[in-house]
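Inspection log for the structure reproduced underneath, given as structure tokens.
Chain lettering (A, B, C and D) follows the sequence in which the chains are written, and residue indices restart at 1 in each chain.
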Amino acid sequence: MPVTKVLIANRGEIAVRVIRACRDLGIATVAVYSECDRAALHVRMADEAWPVGPNPPRESYLRIDTLIDVAQKSGADAVHPGYGFLAENEDFARACRDAGLTFIGPSAEAIELMGSKTAARQAAIAAGVPVVPGTETPLDASVTDAEVLRMAEGIGYPLMLKAVAGGGGKGMRMVSSPADLPGALRAARSEAGSAFGDSAVYLERRIMHPRHIEVQLLGDHHGTVVAFVERECSIQRRHQKVIEESPSLAVPVDLRRRITSAAASVARQVGYTNAGTIEYLLDEDGSFYFLEMNTRLQVEHPVTEMVSGVDLVHWQIRIARGERLTLDPEAVIVPRGHAIECRIYAEDPDNNFLPSPGRILKLRVPHGPGVRDDSGATEGLEVPIFYDPMISKLIAWGDDRTQALARMRRALREYEVHGIKTTLPFFRWALDDPDFLAGRFDTTFIDQKLASRAGAPFDTGPANDETLAAIAAALHQVLGGQTAERGPTAPVAPPSRWRQQARAEASR
Amino acid sequence: MPVTKVLIANRGEIAVRVIRACRDLGIATVAVYSECDRAALHVRMADEAWPVGPNPPRESYLRIDTLIDVAQKSGADAVHPGYGFLAENEDFARACRDAGLTFIGPSAEAIELMGSKTAARQAAIAAGVPVVPGTETPLDASVTDAEVLRMAEGIGYPLMLKAVAGGGGKGMRMVSSPADLPGALRAARSEAGSAFGDSAVYLERRIMHPRHIEVQLLGDHHGTVVAFVERECSIQRRHQKVIEESPSLAVPVDLRRRITSAAASVARQVGYTNAGTIEYLLDEDGSFYFLEMNTRLQVEHPVTEMVSGVDLVHWQIRIARGERLTLDPEAVIVPRGHAIECRIYAEDPDNNFLPSPGRILKLRVPHGPGVRDDSGATEGLEVPIFYDPMISKLIAWGDDRTQALARMRRALREYEVHGIKTTLPFFRWALDDPDFLAGRFDTTFIDQKLASRAGAPFDTGPANDETLAAIAAALHQVLGGQTAERGPTAPVAPPSRWRQQARAEASR
Amino acid sequence: MQYDVLIGEHTRKVVVQRAGAAWTVAVDGTVFDVDAARVDGATLSLLVGQRGVAGPSRSVPAVVVSGKMPGALAVHVNGRQLPVTISESGRARRRGAAAAGAGPQRLTAPMPGKVVRVLVAPGDDVEAGQGLVVVEAMKMENELRAAKAGRVVSVSVIEGQSVDAGAVLAVVE
Amino acid sequence: MQYDVLIGEHTRKVVVQRAGAAWTVAVDGTVFDVDAARVDGATLSLLVGQRGVAGPSRSVPAVVVSGKMPGALAVHVNGRQLPVTISESGRARRRGAAAAGAGPQRLTAPMPGKVVRVLVAPGDDVEAGQGLVVVEAMKMENELRAAKAGRVVSVSVIEGQSVDAGAVLAVVE
């Protein structure tokens, strides 16, 4: 299957990431953009760029028909879906195939199969991989509360209600006693219905202090599957990963062998090709349970690249071309040093992590040894309100975890984004937390820490800072600084005015 | 020896590099600056910054007394010299020691010893390392032409005349026959005299097509010396390295063992501590000759860091603290992948590589997998005329040389510096040269290629580019772009006007 | 030059005087020696020393971005963003009060979005920090909270309604 | 709008017309459909298509920096720096000639430095590209060369002399 010109059906940093990989391989790139993304970095970096519609994803980045049409008009022979949007949509994968386009990802069948959590559980069981005890069939509206209660008895409390089509914590509820079940069931079904168009849920035993551990893998079209050293993704806020690292402090070598080979057998079980990830819950006693499979390249793939030396996007493309995996499976489960990633969002951590869209007036990105920044942001760019507010992934590598953390702390200090609020102060705080540094955490870590902080500001420091700010402000006036860094495009008045006010109020 | 607060007796990218290393280790930093460097990046990044005098190096960065004074006033307990300036000045190392400051580098004695090329040759011979046949004693003005001619007979023609105190190609002459010797001797001595204050020279057999290969090493204060996989530094313009890589295509594993252990024995021979580099000439027949030892951290150290995973500046500091080297000598001679560095200068490759000082109006630095940028430049900064015009070191890492080159090509394409000329177009050309890509080169490579190009422009492309430029210029007017990107500091009028004129004339 | 500089709740008197090539800056009476250099229109490199304590050697890079309202600045020092209101002495108090959001609190939408839940009704007493309205934007539900305790006097949106940035959602008195 | 755009030796007639949200740009008669968006005061994102060949889809990021002289621009496209002189039609020829350096060639110092060698004397005939004066700056010796063949009419510096940026070193006619 030829891959000489790739349409990237995505935006932001992952579109930029894929463009870079294509450049490395001498492959032409076609970007697509919604109205507000016209001047975005991925549009400027690609060889070609085509409009795909208005700002709402449903009318642009999710329009399969438009994307296929643009791919054909532009003469692309392959499509990379990135992550999110249509990356795990079997209809899109199928539409590409039907249009004679190479879909750089797994088969539509694999996406469909692993997209159903219950089907995925069955695949894992068939592969002899432990799963969290729970129901094996979807519980749609037709299943009565009484029946669900009966199943729940067999699993035991506390348990989790999860959406079959779920993800990102939507349609998820914890139930600690039979009495709570009916209400939770109703809530979860309606949330799932509105979020995924499918109200079916399933039951799962609640592991009390689990870590979220996942295994990246690659499969070629010749039956070879390679699994990589694990990623530690327990640092989550509201079920959203915010910090990932590799390797995990909680995974000794023997366990690593078990979870990686288990991941590989699940992939073989379903004839999986291209890049994918097996997610596990790791219990305190060291036992692990298959959680789900992500049939796409993941946001956090760089930490695996940093410790394995493997360019996963290069391999996605080479696999799609039909090349054979030549990686040494023994080598890629041995981490070279340690890597950690912080997902930097346009959110105000001192305001309940409220999205902070707007124009980036100044941007200073860290550099130097062991630092990598995968970003879609540039000075002058407007962070739109329509999409995921992640503006950058900051990755630090070190010979060991200590060095990786030190470099990340240094990079976070160097990183400057002006004009919008970001989660940088949150990460500066997190990387000084003794429990995090010691590796004492599970998936509830951040939410608990945040609760215990009761909204204490992250963007904080010695009172002396205010004195320095006063000095800077006065000299800025004296030295006649620019009255506004605004460029020719629309100013960010409303959000910024709002933030200003909110801050002033918050400081009462 | 405590190292808790480091004065960095340098400027530009290396000062920034050392500041980052100190940050990683939780060490406070003191920057120094000459008048024109007041707002430089290293000043802004350090914890403290102190003025050390006017712009000419002799009056600021080379003022030992001032630097020691600032170190003591600021309460620094250690000094890092970077490279260049006082990095290889034994008086400075001694002055630090006498002032009770830890000099983060080798001993004054080692600097002095290896600073004399003839003494260094004798040390190499004593360590059983081959040297280029030549004279073992300095030939100062007292040695007559007749005597020199006699020595030359013993060595054979063609031969090289080199300054004993030399470096950077100054006071260097090639002599192909006895007739040329007296004239060349006069020229070399006078050049050496004015450049180094020492007119003494020595003779060396001329290796016709040598590669410049060097071995990085570290020595601690407990007798341990570790040598790293070699660096290939044959890509030089006028005896100045411009592209370095590691490993070298010309060094098979067995040769690597020989040159690394030879390097280690020279270091042991002189009781060398901290970071240093042994430079070799590698002949076409695979025989290698000791050339000289650099008793400092080198510009090109990042390529070694990228393939070894070792932070050399961290180790410089840890060694200075008296820590023991814990690196596995077997591991660090096995390269992890391949790394390559391009030294980006503020020079106009299309104008005989004339320095191009001035103000950086816009700067876009490449990012993404495998790319590292060590730079002292930021937007708004003036590149001063008083110092080395290198503004950045761009380093690319890849799983193999092909991937490293691909990523470097991608990064060079992403790199944008506006307001001054840089050598970026030169590197874009070099990285497409088939001989370079195939590894067919020696130290004469670039100068030969440049000669054969007879000044053909590097900053070139399809005529179509001019059409696109015309479109951009017209729309820039129509859309009302800023009439000048000038900031509050002095404009760069003369150089830019000059360049403009030169360009217009060149295009006749 | 003399300025009133409001940061948070506290207004500082800042007096700036030339001192040769550098500056003497007094903040509420504490005197600093400051060497200031511009990098670009928004970026300053400050070297700060406290009078009698040390020379002006502490390196403080600062970025000052101007806001919409006159005198409203966002000042970035030590990786922190501090909203500052500055005015030449005498004219600060009123603007300060305004910036501090005295009087009725008008809860506005931070960005365009959809109201998914209204958590209070007119007449309700609310605590500082209590959630009032939930707006969905950027694929996330954002609970907008009361900045101070009071009584809800009006709610101007209903669930499912789309709102523009800056739209008033509710007023608390 | 109609412009005369001088690049190198060749002046192009560029006609720009609105076409809905985009533009039609004719360069010496060849018509392009162009979609243009500003990123900042100097940066443009262009999507270019040749009329009848393809839609405006080729992505061309361009940075346009203004020079000292009116109409003098440095345009960066495809990683190249192209000096451009632009003017509304009719007024380009003269400026163009000036920019092209017609008449006697005044060799000026690109930056402050020290004259280490003077390689020619008044009356010498020189080839295009021949070295005239060597100036040391940035720790390097830089040979300044004749842009075109001619006769040296004057040399205004001597060896060892310090020169400022822009100082005339020699004149070739």
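Criterion: a residue touches a chain if its C-beta (ideal position, glycine included) is under 8 Å from a C-beta of that chain, and two chains touch if they have at least 3 such contacts.
Quantities reported herein were computed from a predicted structural model and do not represent experimental measurements.
Contacts with chain B and chain D are shared by A. Note on interfaces A-D and A-C: more C-beta pairs are in contact across A-C. The centroid of the Cα atoms in chain A and the matching centroid in chain B are 41 Å apart.
Between chain B and chain C the centroid-to-centroid distance comes to 47 Å (mean Cα coordinates, whole Å). Work out the mean CA point of chain A and of chain C, and you get 32 Å between them.
Residues of chain C in contact with two or more other chains: 38, 41, 43.
Chain contacts: chain A has residues 45, 378, 413, 479, 488 touching two or more partner chains.
Every residue of chain C that touches chain B in the complex is listed here, in rising order: 35, 37-41, 43, 45, 47, 55, 57-59, 61.
Those residues of chain A lying in contact with chain B across their complex are 16-17, 20-21, 23-26, 45, 302, 305, 309-311, 314, 336-337, 364-365, 367-375, 378, 399, 403, 406-407, 409-410, 413-414, 479-480, 488. The touching residues of chain A, counted against chain D in their complex, run 30-31, 38-39, 43-50, 73-74, 378-381, 487-489. Residue ranges on chain C touching chain A, taken from their complex, read 1, 3, 5, 7-10, 12, 14, 16, 23, 25, 27, 30, 32, 34, 36, 38, 41-44, 46, 48, 60, 62-69, 72-84, 86, 99-101, 105, 108-113, 129, 137-140, 142-145, 147-148, 164-166. Within the complex, the chain B residues that touch chain D are 352, 354-357, 361-362, 385-389, 412-413, 416, 418-419, 421, 424-425, 428, 455, 459-461, 465-479, 481-485, 491, 493-508.
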